């Protein structure tokens, strides 16, 4: 029984190893390495778009249900072929470039945005031994690469020569740079506890204890997770932080002037970013691919799926932030909280379990209360509405 | 989009001039505002009208009185019944028609249902302007749909009702209709509770709406602002109470007033007004008498509308439409068609203070301020 | 005191509730409200009015319309055009030869139905009216507008019953007037 | 609550003796348009009426003269309406603007200017409201002749041809004929209701 489970668990790893072994018999070693890289690359290149396509379907279905309607259900059973229909539509659409646009940069931006989105996939541990490149500085790589996304968005917005796009681009720059900081700082506790920057090592640090060793089950872990998740939502420009697009204000923000496949690439990058960020969040705080019975990659995808569902749930519920509130939220609320969180993590390592729990909750409570008191704009005013005859 | 950058100061920042509309997702139709931006801050805003202008008044001046009724539906197409009400009231004033008791009750019931439809739609669209991805709007539309189905059953059409006649209404309410209305009225508070749980305490919504677009009571009065926008600024002025037209003075209802006159107050005053409308409906449904639905004197006019020639004179009739004071000014010269027909459109006049409310706010705020004023371009541009 | 974030949480609970009820509840109680249009249809509402049509009894020759032109005059957007037929002698035949309604202009107000003294024009339920272009093919000729009384009885039973009754009594009266019964003669 | 119009007139005559007033139906006609702002200001500030709310401003064309009609209400005392009207000739349709006193007149006066051509002197933003700036004529005047949009004029044809759009010959001929007689293409007036 356990043998079968283990086999299913390692099926992808085994398959790749088998192919490489086979080739190793009659090919020189350097070609085998090249083939290994190619296999991983092709898998990721296929996985990215497929994930994106079905995430759009999932989003439309879930939001449909939230809004008491069916969502797409005409193309194929349960609308399963809808993404393909959308893809065909995107391909056949006319590609429009504004007359005054900077044509080269306008073309480059959608291409450039997909690259970092795909690059992050390299360090995501999809399962036991299924990290494409087991970098020992995996998290650093992730943080570095994910911040590149700003540049293509700004390129696209600037090159469009549209004022809505320009505003959207400016907002993107401000928003993504600001949210990068609390996000990075929210990751630090996980690094401190696992004492490694490699994503796989962080997952392994959360092993055992029937899942209770996951970082989310500690006070600093839950705070870190929530902050990381909020920042991730902001990083991939999803509601309620979708200011760069801001449909009701800026028409479509930075991609107002994009159509057809170029637009689809922006869209693809957004969804792939959402997936990888959720995957990293699951890795850092939810024990990654760890879990009983089921194969490890299924656990990873399950956890990621739930996080994505929460992102979609956000989208179905919340109105958008305003630009200054957004910045204030990052700098005045999330940033101090992450710093306190790092302090707590440090204390956690030196104290006994019970004292650490009580102490952390006390410190967190006080700091939250203080932060709310300091940020009066976040607190709704109480209003009184007289009813007069 | 026009690309004219105006230099305000040679050494300082550039002012960015943007046209919001006429094709823009949240200008509620083909409304345009020319906005001057300093970064994200608004330093100038000019509304531009007329993209939906069809000279309603001239069309009406070439038509017999009864034939104008379906055209009034097209003014404010979200609640056509209020327009019908205003026009019918004006012509009854001009011709001196009495309205039977039952017809008055039917009118009030229909007008209040239309008010609920309007307010709930406005709240939904305002939330959409705020960036909520259609969820509040579709919840609102779900409830609106029930009322519109009822309108279809009673008036024959969902939006373009053409239901009121001079001296009465077109069709009687059956007992089943009354039961259906009663069902809607009794189910509505539960929906409102859910709707409020979704919205009113939401921190993001409060952050976005509170202290934004403040309009003081004095400015509002002087600028002729009416309706929920005025009452949100704390001025107690509801034409249903002031004029007591039709039979509104027989019902017990209150007027909710706002505290600060910001976007949040306008939003919440509308929610409270829905509650008051439900109160009126409850009372009207219990009190509605049996009897005629149209004045006997005006019955023959239904068959020969062209024979209707009101005496020479003029009348100014106004009703509390959900958008504000909807006035009709009609001058009769004794011929079958009016000599002068004028509509005092609340959506248009409420936009007088748009610039003042938006100055110094962010672009995102301008959108929700516009949404909170509640305009329908059919009425604004006429 | 409200805990910071409770409003956001409350809102999320509302959407979660609606998400779940969309699977289990009936449309009236918070379930899915959508009607899957071409396959499913909403219950036809009797009073619904769309474009006008002309009623005939029995065969299309027995058209009720007498081409009096009242609807043509009263129509607010002037979308009706009628020409009266002439009989062999050249006298007006009290039948329309041409009866066009421009669906592109018609605004479904129902005034023609109200003013018609001969109960011959009524508002239809058919709303699936399409045309390849917006000028000529939207002008519907008499042939396209004629529909039988049975169709009228099917779509609007209540109104049709009232009108059939009215016409029946009117016809009986007419008959009675032409051939007065013997008893009345003796008086 | 209604204000008897005679009472208003009496009060006005007592306080502003140099203003000539006349009752027309249920409204007061101010014979000299120049007096309008004074009357309005008096009505707004007199504690008896407190007409702080200008509900409606509109024009009307009575063939020989144009009229501007104002309906006032009071939000403070909840009474009204009081209707004022001024008459001007079509040659010199100048009426002092009420915007400095009531801002609600701002858009409505622009509308009246747009549709009737009544010029409101002292209006801060005297532009057309619904029509574009180049528009000719005032559509709600009874003598307004609507341009036929189906017929192209010579200038239109020149504009179109400059952009490489082909125009049928008969349209060109029509335009030439119009230009020769120095006429504008006028649309048929909507049919007046028969009785």
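Order as written gives the chain letters A, B, C and D; numbering starts at 1 within each chain.
Definition applied: a contact is a pair of C-beta atoms (placed from the backbone, for glycine too) under 8 Å apart; a residue touches a chain by one contact, two chains touch by 3 or more.
All figures in this text were calculated on a predicted structure; none of them were measured in a lab.
No other two chains have as many C-beta pairs in contact as A-B.
At the far end from subunit A, in terms of centres built from Cα atoms, lies D.
The distance from the centre of subunit B to the centre of subunit D, each centre being the mean of the chain's C-alpha atoms, comes to 25 Å.
The geometric centre of subunit A is 60 Å away from that of subunit D, both derived from CA atoms.
Between the CA-based centres of subunit A and subunit C the separation comes to 56 Å, rounded to the whole angstrom.
A separation of 29 Å divides the Cα centre of subunit B from that of subunit C. The multi-chain contact residues of subunit A, meaning those touching 2 or more other chains, are 66-69, 316-318, 378-380.
Annotation for subunit B: residues touching 2 or more other chains are 63-64, 135, 139, 142, 198, 201-206, 306. The multi-chain contact residues of subunit D, meaning those touching 2 or more other chains, are 193-194.
Of all the residues in subunit B, the ones that touch subunit C in their complex are 63-64, 66-71, 74, 135, 139, 142, 145, 149, 152-157, 160, 162, 170-171, 194, 197-206, 302-306. Residue ranges on subunit A touching subunit B, taken from their complex, read 63, 66-69, 100, 161-164, 166-167, 171, 239-240, 242, 246-251, 315-325, 377-381, 383-389. Across the complex, subunit C meets subunit B through its residues 2, 4-8, 10-11, 13-15, 17-18, 33, 45-49, 70, 73-76, 107-111, 114-115, 117, 123.
Within the complex, the subunit A residues that touch subunit C are 62, 65-70, 313-314, 316-318, 368, 372, 378-380.
On subunit C, the positions that touch subunit A within their shared complex are 2, 4, 7-8, 11-12, 14-16, 18-19, 21-23, 30-34, 36.
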